[in-house]
Amino acid sequence: MRDESKPALPVVGHNGAHPDAVHTLPTNLAVKCPNCRELLVGKDLERNQKVCPRCGYHFRMDAHERIDMLLDRDSFEEFANDLLSADPLGFVSDAKGPYIAELESKRRATGLNESVVVGKGEIERMPLIIVVMDFRFIGGSMGSVAGEKITLGIERATKDRLPLLIISASGGARMQEGLFALMQMAKTSAALRRLADAGVPFISLLTDPTTGGVFASFSMLGDVILAEPGAVIGFTGPRVIEQAMHQKLPKDTNTSEFVLQRGMIDTIVHRRDLRPTIGRILRLYGAASKRFV
Amino acid sequence: MPYDLEFERPLADLDKRIQALQRRGDRLRPDERTQLDGLRIQLDQRAREIYRNLTPTQRVQVARHKNRPYTADYINLVSDDFFELHGDRRYADDHAIMGGLASIDGKTIMLIGNQKGRDTKDRLERNFGMAHAEGYRKAQRLMRQAEQFQMPVVTLIDISGASLDLEAEQRGIAQAIAESLFVMAGLRTPIVSIVIGEGGSGGALSTSVADRILMLENTIYTVASPEAAASILWRDSSHAHKAAAAMKITAQELLKLKLIEEIIPEPAGGAHQDYAAAAAAVKSAIIRHISELEQLATEQLLEQRYQRFRAIGVYKRETVGASSPTT
Amino acid sequence: MRDESKPALPVVGHNGAHPDAVHTLPTNLAVKCPNCRELLVGKDLERNQKVCPRCGYHFRMDAHERIDMLLDRDSFEEFANDLLSADPLGFVSDAKGPYIAELESKRRATGLNESVVVGKGEIERMPLIIVVMDFRFIGGSMGSVAGEKITLGIERATKDRLPLLIISASGGARMQEGLFALMQMAKTSAALRRLADAGVPFISLLTDPTTGGVFASFSMLGDVILAEPGAVIGFTGPRVIEQAMHQKLPKDTNTSEFVLQRGMIDTIVHRRDLRPTIGRILRLYGAASKRFV
Amino acid sequence: MPYDLEFERPLADLDKRIQALQRRGDRLRPDERTQLDGLRIQLDQRAREIYRNLTPTQRVQVARHKNRPYTADYINLVSDDFFELHGDRRYADDHAIMGGLASIDGKTIMLIGNQKGRDTKDRLERNFGMAHAEGYRKAQRLMRQAEQFQMPVVTLIDISGASLDLEAEQRGIAQAIAESLFVMAGLRTPIVSIVIGEGGSGGALSTSVADRILMLENTIYTVASPEAAASILWRDSSHAHKAAAAMKITAQELLKLKLIEEIIPEPAGGAHQDYAAAAAAVKSAIIRHISELEQLATEQLLEQRYQRFRAIGVYKRETVGASSPTT
């Protein structure tokens, strides 16, 4: 289990522009749980791994909070952090301004270079490659750099025969990079094909939200697919489906519970159990090709 | 075919005059005959000129034209025999994707394509070409069979986007698309994909993880339909024309960005003006590209396919300096 | 197409004991079509490939009628016809008597040694291995001999790289041979795995009825699966399902049309089109690994 | 566990006397202690004797006993860790088949089994252990994963028969079973199947195309349940006892017919009298057989598996003379 005495990473403020605002919490302020409406003290919530102590609602976490929560202390070695998004299309929307400016503002707001952090680390002393998406960075969307970093992570896992863990949190492909973004689905999936051929295990963890092109590519290709409870998981957002079908959807549509029932994932894991569960899975795959005698 | 798009008005006018003369048939005077020939040349030239300079939004209109040849039309015109294979062997037969064994110049290939449907009933039955999970799984089955029998795979892309309904979610459309990408990435036989109309989002990508991606002249391939992109980026789908321009979705722009291998020229005025000519161009492209790919050993083929997608992406390195993008 | 001048094989009488009586027709008698109730002259029906000229109902055919209809004239060379069912369990039912006696009576009634006929033949001059089941022989059931003959056919197809055609008509595994019968499902499927690995095509034709262990093994493993119209095709008989579920089933349940809609087969082919259709398929697979240049 | 079957009455009587003495605990006189020990030995001997001579129908009763250990019980007792994998990635998660990564003596295997369900709610949720198409497809997925990671596969068989409802037909239960046979026939990793209760029809076969098929002492494996066979062969399911005898469905008869490799002995009075002892026997059988199979190169393994099933069948040749069956 996580060492509770370990201090949480400093929390950075979030840019409120996106409709699905990220729940990064001001440490000392009270926060209302969006599920049970309980008023929670930010610090207490941090200590409880950002899970509402009353109803179990899982608040979103940023990439470094994830790494901090899951990996052995000080075991994380980031790589490919020098990759920055370019602007292959010279994309400008008169609603949102130039893409280049949006990137710059997200970098400042999040302290991240992109929506994906990748590196090597250890869980319960077992080394692995870890890829974490951060929803704060343009909705965790996948453009060239996200795709490249994920692919580099997969290729490193293949080459070094290290298990791979990818933690998804994304609205899908990044429109501002057009077809370059879509093609990252193929690029990452092709890299996973080679990982699979090499017999290296891949654990995919789906967190709130995992949708669109991310859900329809690497995140569904795990040998084991886990999800946090109550996460929005689906190809299309429920609201878009409702608009297209002109009807209300059942309440649990496109949640972790829905995709579990539909046979799409292996199990739902409460955040407090994530680290030991991933540890168990790593151990089980690690002993896969052993012999009895 | 009539010229019915707004930017085609000059062509429609010319065409009207040609039709009027033609109706008179044998009764034309010699000078009228000369006039007719002149008008025909003029129409052809004018059509080429207009089509050479279409805006992205106009290109979208042509790509979606209701008379445009669909997969079934190309199958008819390109193959000497076609035996359609049905069903995913799991749940249903999805009519939004069709595929089967096609004989082209004495050789059998696996030909798979999105099919939108021509009349209202057909369109509904085919869900306007928007496949469900079972459609992608049928395509996977056919591709695996192609691998087993060493048939090359040719896919025709014509889908506005993946299906957006509850049933699609229930049966795992995302899983099906992901698995398609996975299957195609490792398929041990040549794959050529041709965008014949709209290539929209994951629905299009799911059948185009190919060794070569070709596009007909008046087609688009995009991460999301212009309408969907506009409603995300402009919060209003009526800005679709802006999204269409900003996202660089036309064959011409994508060739410049090196995201596709080749543009297949269309007859003057678009593929819907001359099905036979369009199909002939598609057929010769298929034969040429498959022939080239068949020269490669399987491991080479797979390595090239991997590198083709591996190389896609434009980014820069912080340390090197922010102004030198790497492709 | 079939040479219409070719005389039909002499028709043998059928044993009426089985509830799903085989529609082998007395040539000179009037027969009522079970579908449209039209009175048909046996001879005319034979000439029409046993399809009701009024409503298109497909009467059952026996193995030699099938071979006669589909193969090039005189091209059939039967093999493994010397295999006879033994009685591995010493099976006796006090309702039906000893299994050995039942076998003997079926042999006499049908002129067949078993429920399966296998051999080499040609369709439109293309050689293939053909396996045909005959429903008259204990409901086309699969025991050791049926399984062995099918497997021999598959193995010959694999060895000689000849396309394989299996025409199913069966109620499933033969109870009287107990687990030996069930295991024929595994035996035939394992042989088909090797055929598939060798890249030799297998066309499976489902005819009325194809159910139980035959439907749940080799007959569903075709690279192309065809069915005749209106055939009963399903794992369990509709009546058994109705009893188990205590409810009426939709009318087309477990028919050719039902399994087509459910994505289980490639297409339904009218009997008059069978020979040219199979010819087309053979030609298409035959040109599969050719090159353009 | 109480002795509640009819043929167990002598055991129930002995047990009652033992229980009565045991209840007195420390207050037993020395002669009563001796008596208790004697009764225990007597119970054990009598149980062994009765169980050695069960009729096929009695064997069926034990195989179906409501207290019999199920797959989940064996998983708990046999493995040091078990991580259950869910879902077919197509349609649903079928609770009638469970499977996952199991750690046994430091080695990970893929453990898959039919699960009937213990209480009413659980039984309904698991459809009484009768899997639908999605259950077989989940099993296939797990087996393919085992192949990928070089884990041996162990399947526990406990199914009265495949599901008989309309949904099963709609989603292609027959196709799913056929594909399971096909997948297992070529799976490049050792497979051991153990019948722990009922092995019924295609439902059982679909997870037992194995290198070794073992049966616990009081189990059956049959082409159809005795009831189903009786209603076909006797036109009356009440003749099930005759069918049970005629079809030779017990472990003992099937070993004699060489259709299985081995019988795993059960504790006196059946596996349900001592879960731990039954599980220990199962565990040691798993380890022994997998160890043996791991000695083989993959091609050898596949060849042996092929020949194992290839050889099944008893018939004679017309020309050789009708009385010499060939196995």
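Letters A, B, C and D mark the chains as written, and numbering starts fresh at 1 in each.
Here, a contact is a pair of C-beta atoms (placed from the backbone, for glycine too) under 8 Å apart; a residue touches a chain by one contact, two chains touch by 3 or more.
Here the structure is a predicted model, which means the values were calculated and not measured.
If you take chain A and chain D together, the chains in touch with both are B. C-beta contact counts were set side by side for A-B and B-C; A-B has more.
In this assembly, the chain whose C-alpha centre lies farthest from chain C is A.
Computed from the mean C-alpha positions, the centre of chain A lies at a distance of 53 Å from the centre of chain C. A straight line joining the Cα centres of chain A and chain B is 33 Å long. Note on chain placement: the centre of chain B and the centre of chain C lie 42 Å apart, centres being C-alpha means. Residues of chain D in contact with at least two other chains: 89-91, 171-172, 175, 179.
For chain A, residues touching at least two other chains, in rising order: 196, 220, 262-264. Taken as a graph of touching chains, this assembly has some other topology, since it is neither a line, a ring, a star nor fully connected. This structure has the following touching chain pairs: A-B, A-D, B-C, B-D, C-D. Residues 89-91, 133, 137, 171-172, 175, 179 of chain B touch chain D in their complex. Against chain B, the residues of chain A that register as touching in their complex are 81-86, 88-89, 91-96, 113, 144-145, 147-148, 151, 173-187, 189-194, 196-197, 212-213, 215-221, 234-236, 240-241, 244-245, 249, 253-254, 258-259, 262-264.
Contact residues of chain D toward chain A in the complex are 81, 83-94, 101, 103, 105-108, 134, 138, 145, 148-151, 287, 290-291, 294. Of all residues in chain D, only 162, 164-166, 168-175, 177-179, 181-182, 185-186, 201-202, 205, 209, 221-224, 229, 232-235, 239, 242-243, 246-249, 254, 257, 259, 305-306, 309-310, 312-319, 322, 325 touch chain C in the complex they form.
For chain A in complex with chain D, the touching residues are 196, 199, 201, 220, 223-224, 260-267, 277, 280-281, 283-293.
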